[in-house]
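There are two complexes below, and they share chain A, which is joined by chain B in the first and by chain C in the second.
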Partner chain A sequence: MNLRINPTRMELLRLKKRVRVAKRGHKLLKDKRDELMKRFMALIRDVKNMRLTVEKRLMEAYRSFLVARAVMSPEVLEEAIMFPTQQVEISIKEVRMMSIIAPVFTLQQEGAMYSYGLASSSSDLDAALDTFSAVLPLLVELASVERSLDLLAEEIEKTRRRVNALEYVLIPNLEKTVKSIAMKLSEQERAAITRLMKIKDVVRAK
Partner chain B sequence: MYKIGLIGDRDTTMGFRALGLATFEVSGQSDTEQAVLEVMRDNFAVVLITERAYARVAQMLHEHRDRALPVYSLIPDNQGSIGLGQKRLSKMIERAIGVDILFKEVGKN
Partner chain C sequence: MSISQDSRYAYAVGRIRVLENKLLDKTKMQRLQNAKSVDEALLVLSETDYADLVAKAPNPYDIDAITTEEIKRVYLLIRELLPKEALADLFLIKYDIHNLKVLLKAHYQKKDFDYLLVDAGLVPAETIKSVLKNDQLPSIPKEYYEGVKAAKAAYEERQDPKVIDEVLDRTQTAMVADMASKGGHEFYRRLLAAQVDLVNLKSLARVKRLGRGRAFLDDSLLPGGTLAPSFFTPLYGSDWAQLVQAFSLTPYKAVVEQGVAAYLESGQLTTLEKLADNFQMTMLREAKMFALGPEPIIAYVMAKENEVRNIRIIMIGKKNGVATAEIAERLRESYV
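Up next is the complex of A and B:
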């Protein structure tokens, strides 16, 4: 499809410039897409393995908690963990990477983890809380890398669309229009030359 | 400073509550939605959500996916994983690459 533009020399120059810019943009975006893809591929395998290990560790934690629950009476257990003395907080750092801003979470644990007296609780509960506490940093890290992965995927999708729009729509259109304007201009030029020649003949014949 | 939350059933929340996470114990549709709303109002950075609870509010979370925080992380509950966490991962791969190269056996085909 040609763009509707007057076939003038001005427009031709303007369009040629646009083609140049579009081609440069296309190349840059393509490079960006490739680099994003590279990072994505590097991350994805790690994240997958990480998710699998975290899920496994979490199941272990549940299991040990189940053991603790089995040996303690529900009331005592409830009482023991009702008011946690430990506080967990997260601080966020932003990491810029290829025009996306990925969050990096750091976990901060404060206070004593065992919020109960040693007399009334079983040691299984201690063990269970230990495993939970060991899984928590992994979970937080997993959340952060999965988030970056999600953002990366979105950015790749966006960039790919832009690359394709430039490659298959905008640049061909512009080039076609440039060509048709160039043809029209040279046609005009030829018309002018023949007209001049004709006039010359007429003048000479007098 | 940001908080960590956990939305899940009673058995899952109990263990994490002792660690100082803000836990939301949910069992049905409306209380899960309520928990998500609450989490969005407060300054949570990471919200762990069990796959079963996530399945109930997936639509709702999808509508708010433009928000930077909190980040929802899927965890299996104590009855084991139903594969949503991995499915979400393979969706990302499909979006980025076009085909799922890692979880072929989990995805379709």
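Up next is the complex of A and C:
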């Protein structure tokens, strides 16, 4: 589609400059998209492994907890864990990566984890808490990496849309317009020459 | 105990001997264990003494409600059979101690945990609650009062809720041992001493596994067993082989040997805990030799508590799709 622009030499020069800028931008965005894809693919492999590990550890923790739940009555189990002494704090930092701002969660665990007496509790409860406690930093790290992955995917999508808009819409439109202005200008030039030649003939005939 | 004294239990023992036949034996447990689903397990349960409870339960899948009801029924029966004896009280103290732990922990957190109270003890849960709330401690049994005072002092000094459990667990053991002595229940005292030894053994293994240090173990050990706490403390620093060696001259030799071997193989103390419970069950079976006396009654209550726990393990396992073999690993031996 041609742009609605006056077919002047000035506009032609301006449009040619825009085409150059658009092509340069297109190349840069294409490079950015490729780099984002590269990082995304590397990260997705890590996340997959991490998620599998976390899910496996969580399954173990839930299984131990299930056994503790079966061996201890529900009231005794809940009494054992009703007064937790461990404080967990998550701090968030932001890291800039390829124009996205990704969060990095840092977990801090303070205080004793076993806040119950051993006489009325089962060793399966220790095992469950142990595994839950060990899996928590991994879970927080996974959350951080998965969020980065989400942001990266959004950015890839956005960049892909821009690259396509430049490649299939803006640059062809600009080029078409440049071409049509150039044609119009040469047409005008030819008309002017013809007009001059005609005037010259009229003058000569007199 | 003389024959004339034992004869007080004649009627109760007669009734208990009949009820013992209704306990779930190995075959019934096996059927329950091999059930393919919770529904099938409930059907098996409906063919046993639990039929009434399963039929009347508002939600038959709520196995906790069914087992709690059954155990309450047993305590009521003991009270009915022996109205002048405090035998059932031996088993009820643990509920009061549980309520005291809940209320003290709730008090220090300034939160309401009333849903965790169990109204099955010697003192109604509401009474304990109002007594603690209004600081009228002298109106509950002296041992509870002193236990609460000690637990409060320990918590305020160390700011660790674990000490509330530890102090009150000691109170419970001392109180039950004292009641058993006063009631002349020698059999129960022996059982209790073995139970304390086994709890201490499990605590030792757990603290070693967790690597929590000697002080943690010292706090966790209960007095009143046949082996003094000082027997366990030095074993914290020794390796597992030395631990097995240390128990080689005690009655718990087989429990420790097999339990430690299983731990070294799997990293879990589940087998040790199961073997410890099975050891108690073997002791409990001695009660079958007593024609009269409180022993068969005590054994019946403990057998029922064990049975209820086994049913809970099976049903919770079935409900959550745990493999039959894995359930079997955790089941305790039956009394019959």
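Simple rule for what comes next: the second predicted complex is superposed on the first by the 206 of 206 C-alpha atoms of A that agree within 3 Å, B and C clash if a C-alpha of one lies under 4 Å from a C-alpha of the other, contacts with A are read in each partner's own complex, and residues count from 1 in each chain.
The rule we apply is simple: a residue touches a chain if its C-beta (ideal position, glycine included) is under 8 Å from a C-beta of that chain, and two chains touch if they have at least 3 such contacts.
Because the structure is a prediction, the values reported are computed rather than measured.
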Which superposed partner A:K93 touches (first chain B, second chain C, both, neither): neither
Which of chain B and chain C A:D126 touches, first, second, both or neither: second
Chain B versus chain C as contact partner of A:R190, first or second or both or neither: neither
Touched partner set for A:P74, first chain B, second chain C, both or neither: second
Chain B versus chain C as contact partner of A:R14, first or second or both or neither: neither
Touching partner for A:L66 - first (chain B), second (chain C), both, neither: both
Between chain B and chain C, more extensive residue contact with chain A: B
Chain A positions touched by chain B in one structure and by chain C in the second: 66, 69, 80, 85, 115
Chain A residues touching chain C - in the complex, by the definition given at the top: 63, 66-67, 69-71, 73-76, 78-80, 82-83, 85, 112, 114-120, 122-124, 126-127, 130
Parts of chain C lying in touch with chain A, wherever the complex brings them together: 64, 68, 98, 101-102, 105-106, 108-109, 113, 116-118, 160-162, 164-166, 168-169, 199, 202-203, 205-207, 209-210, 212, 220, 222, 268-270, 272-273, 309, 312-313, 316-317, 320, 322, 330
Complex interface listing, chain A residues touching chain B: 37, 40, 44-45, 47-48, 51, 54-55, 58-59, 61-62, 65-66, 69, 77, 80-81, 84-92, 103, 105, 107-109, 111, 113, 115, 128-129, 132-133, 136, 139-140, 142-144, 146-147, 149-150, 152-154, 156-157
Residues on chain B engaged by chain A in the complex (per definition of touch): 1-4, 11-12, 14-21, 45-46, 48, 68-69, 71-73, 75-78, 80-81, 85-86, 88-89, 92-93, 95-97, 102-103
